[in-house]
Amino acid sequence: MDDIPVWSKDHVRMHLPQRQSGSHKGTYGTALLIAGSTGMPGAAVLAAKAAMRSGLGKLVVATARESITPIASHVPEATFEPELMERINDPELDLTSYKAIAIGPGMLPDQKTEAAVEHLLQLGKPLVMDAGALSERTYAKTEAPVILTPHPGEFSRITGVPVEKLQQQRAHHAANCAVKLGVTIVLKGQNTVIAFPDGETYLNATGNSALAKGGTGDTLTGMLLGMLCCHDNWRHAVLNAVHLHGACADEWIKTHSAHTLLAHELTELLPTVMKPYEQQ
Amino acid sequence: MDDIPVWSKDHVRMHLPQRQSGSHKGTYGTALLIAGSTGMPGAAVLAAKAAMRSGLGKLVVATARESITPIASHVPEATFEPELMERINDPELDLTSYKAIAIGPGMLPDQKTEAAVEHLLQLGKPLVMDAGALSERTYAKTEAPVILTPHPGEFSRITGVPVEKLQQQRAHHAANCAVKLGVTIVLKGQNTVIAFPDGETYLNATGNSALAKGGTGDTLTGMLLGMLCCHDNWRHAVLNAVHLHGACADEWIKTHSAHTLLAHELTELLPTVMKPYEQQ
Amino acid sequence: MDDIPVWSKDHVRMHLPQRQSGSHKGTYGTALLIAGSTGMPGAAVLAAKAAMRSGLGKLVVATARESITPIASHVPEATFEPELMERINDPELDLTSYKAIAIGPGMLPDQKTEAAVEHLLQLGKPLVMDAGALSERTYAKTEAPVILTPHPGEFSRITGVPVEKLQQQRAHHAANCAVKLGVTIVLKGQNTVIAFPDGETYLNATGNSALAKGGTGDTLTGMLLGMLCCHDNWRHAVLNAVHLHGACADEWIKTHSAHTLLAHELTELLPTVMKPYEQQ
Amino acid sequence: MDDIPVWSKDHVRMHLPQRQSGSHKGTYGTALLIAGSTGMPGAAVLAAKAAMRSGLGKLVVATARESITPIASHVPEATFEPELMERINDPELDLTSYKAIAIGPGMLPDQKTEAAVEHLLQLGKPLVMDAGALSERTYAKTEAPVILTPHPGEFSRITGVPVEKLQQQRAHHAANCAVKLGVTIVLKGQNTVIAFPDGETYLNATGNSALAKGGTGDTLTGMLLGMLCCHDNWRHAVLNAVHLHGACADEWIKTHSAHTLLAHELTELLPTVMKPYEQQ
């Protein structure tokens, strides 16, 4: 397995979409983010900010009461779907117009979350599942990509593979799991592994220990959601999001201590970090 | 219709007012912004921030409870008129001292909004109508300008012209509608069309696809409101606002990815973008 | 009256205190700011931020519920005195430890405000009165400075002098009023007049029309409060605050449009604007 | 006592840990911050922001209702433990997984605080005690460091030594107290004294009068908490935190007036101030 290809800077350059001059927000579609809870309101802020920076057209957030004011301050561009989790099985709730959905940052892995995930999986929309949305379960076959973004601890929780064993053969376990479940696995950590359901697997070479701090995963989830909206090819969206997330951290440590990064600052670096990838 | 004039950089330079040295906030007047709702609190933040950056004297905001804290954080310079929508027909409510009014960002196109619009149209004040305030209706003749800022979807909703047909002859349809209704139409999108009630029509040449994201229209509404306060000639106010809004986005993409702009950042660029237009 | 001296850049340089190396927050004292109301929460944010930037040791704010979260976001360094206005005559409330007090920004000129002013005047502490705290009244003789900061409209309201007449002889009327009432008058506007109770009068030469917008007066009140804490000579505090407030606006327009300044940005410029005055 | 060594720039350089490339947030551990109250919500914001910038893995905050929204805005990376103070003796509350704990900023020195301190001292975790958590008490012998961060007034309150006497022999009194109580004393002020329980004592040479303002102590507490998480040697954590806190203030006054610093800006300087200490 030591010949896993790296998704390189050049790959990103070639596969990052240009925003077309005649486009409008409808061109990129509306993303739905379900995130945040009373004890973890900030995760929704981080993911929302990251999503809106990553190329989508519009963002709707379903979140906890505690997250609304901070989101409206950080990203006044976002709108809200109130009480979505409570109405998830309400036949009047129509989620079919969303282009992509992410669920999990700052949420507890409880029955309510599981019920929502269950429902979302049936929509046939690109779906990112992180943190509280990650559980030990199987997936029905769908055309639409299902993307799981566990860190090693979460991967272990949903697969039963012990962390130590996992870390010795990260790509192997990620690919196994992806093929078996029929989903995409983004196994986070140094050299994040991206394994697609058909076994195709890449390593990410960006990022550093400045990311070893709470909140950076929530930012990644938001970036994945946004990138899914502006890419035609969802695999490129996933690979580019992971690469650029790490590239922001690499930019940070050029002039700042690695101990000091706050996850929301990744998003502030993204506009200038992403720019050179788009030229030519 | 391919000879529609462009409102150019030079036009803006010639018609942008200088802030006079002996002026005070009363010189520029007080603007009223009605915007925001429980699910769309941020639209009021965006419009308020844009308005206060665009030359007015004072700003009063009538908004949803959810918007107050974020506005007081982003623009502590704004004040609030509580429960205005509820008291809109209250004879004690005196709106005659406002210099210009904008309504609609982040509001639903419901009966309450319609009733407020109805009332505001009778005031004989410059009135900007956007988003939730846009509906299929007729307008009584007034001296005071009524400015509608639909994107193609909204234009279609209020005129019945299908979007595809509209987009093939944007200037034609905008001008038709402006003359017929006796209002100013700002038909948004690439090369925004500004059509005045007498048929005079301009194209805007600034802006780019970084604007193809939720919230940028709310920022434009705020800029229009502010510019109406500091211009003597309201047509120049409209044309200059549209031009400068796009110019901020053009500045953004010089050094930032077009995928990453947040609408509130337009307003942060305005102070330096506007400066060179004022020199000599 | 055309020989009124200007409080110049050199005056400020000579009379701006250096922060002493062995000092601690107690050296500069604790200031009390009473400001803000439901409809004007932001005024308290502006004044609080300005005060904490202007050399005090600690700041306590008595304000409206709506102002607390925005203040805790903008100036987490401030603390709060809850329900102060309700307890103003409570014998348990001890205000004697404050070094200076300001009241009025974002407040209504109602009976409650008047009662608080009445009480504060008896404390014998440097007191800044602005906006809602300004009323037609007389003042008992005290050692402690009482500083009124009316704009022309407010000056007219508290003295009966019509605005037009006032503006023709600003220094004359300000000085008259200062001597008659035994207070310091800061008559705001282009070339702000500072008139002391003994008739000594200065003009300010900084500032420009970027200040002609809501909120800039609240910022000045905060700066006056802060400067009273770090100056030994309260007259210098008043004169320096007015000068530096205008100097921040002068810095702004070097690179930004005068139409676009938000009052809270004055405070963000203060640290670098003030620095060169301290050298040597 | 005039031969107390200074913890110098070179000491920091030698003893500041590098963030290891293969690390993850678990490597640095989770810190618990207990801070803030209704009247002092901002202290929790300051300490939380400082902690997350100072190398920890995750941060959990137990705080007042008023602090939650400002923290979620400033540091959306933090999470919350609701009602912790109320449940402090609840056997279901498990605090054993925290790597380090800080208590006191923005809290009142009342019975509830004392009860919490009592409980925390029994956990055997590195514990920082500041402000409201400082009281006249004795300490049981533990392996885990207990770090008290009084300013002279607080030192006097908990030891009975009058401030004037204390200030004449700061190192002497700090060391005495540290040895007697078996704790580490960070006696703040110009040339902060760091005295360890075995009598080892250092002086800090960074910092200046820009720090003589409310809130800077809360920032230090947060930095201490964060540094305890990323240092193997807790003494180095304490010494480095104090040094870097002052170094940020020293950076500030190079280009900004010493009168104008807000404590939360120290934390914004930390990433670039800390960087050169890490090189080679």
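Going by the order they are written in, the chains are A, B, C and D; count residues from 1 in each one.
The rule is simple: a residue touches a chain if its C-beta (ideal position, glycine included) is under 8 Å from a C-beta of that chain, and two chains touch if they have at least 3 such contacts.
Heads up on the chains, UniProt names are A, B, C, D = ADP-dependent (S)-NAD(P)H-hydrate dehydratase.
Keep in mind it's a predicted model, so treat the numbers as computed, not measured.
J.: Please give the intersection of the contact partners of subunit C with those of subunit D.
T.: Expected: no chain.
J.: State the smallest step count from subunit B to subunit D, taking one step as a move to a touching chain.
T.: 2
J.: Relative to subunit C, which chain has the most distant C-alpha mean position?
T.: A
J.: Working from the CA atoms, figure out how many degrees subunit B turns to land on subunit C, in steps of 5.
T.: When the C-alpha atoms are superposed, subunit B turns by 90 degrees onto subunit C.
J.: Note whether the interface between subunit A and subunit D is symmetric in residue numbering, meaning over half of all numbers used appear on both sides, and answer same or different.
T.: different
J.: Where the CA atoms of subunit A average out and where those of subunit B average out, how many Å apart are those spots?
T.: 35
J.: Would you kindly tell me how far, in whole Å, the mean C-alpha position of subunit C lies from that of subunit A?
T.: Computed value for the inter-centroid distance: 49 Å.
J.: At least two partner chains per residue is the criterion; list those residues in subunit A.
T.: Within subunit A, the residues that touch at least two other chains are 69, 73.
J.: Does the chain-touch network form a line, ring, star, complete graph or other?
T.: Per interface graph, the chains form a ring.
J.: What chain-chain pairs meet the touch criterion?
T.: The list of touching pairs comes to A-B, A-D, B-C, C-D.
J.: Okay, in this complex, where on subunit C does subunit D touch?
T.: 18-28, 52-59, 68-69, 71-73, 75-82, 226, 230, 270-272, 274-275, 277-278
J.: Which bits of subunit D are touching subunit C when the two form their complex?
T.: 38-43, 45-46, 66-67, 69-70, 73-74, 106, 151-153, 189-190, 208-210, 212-216, 252, 255-264
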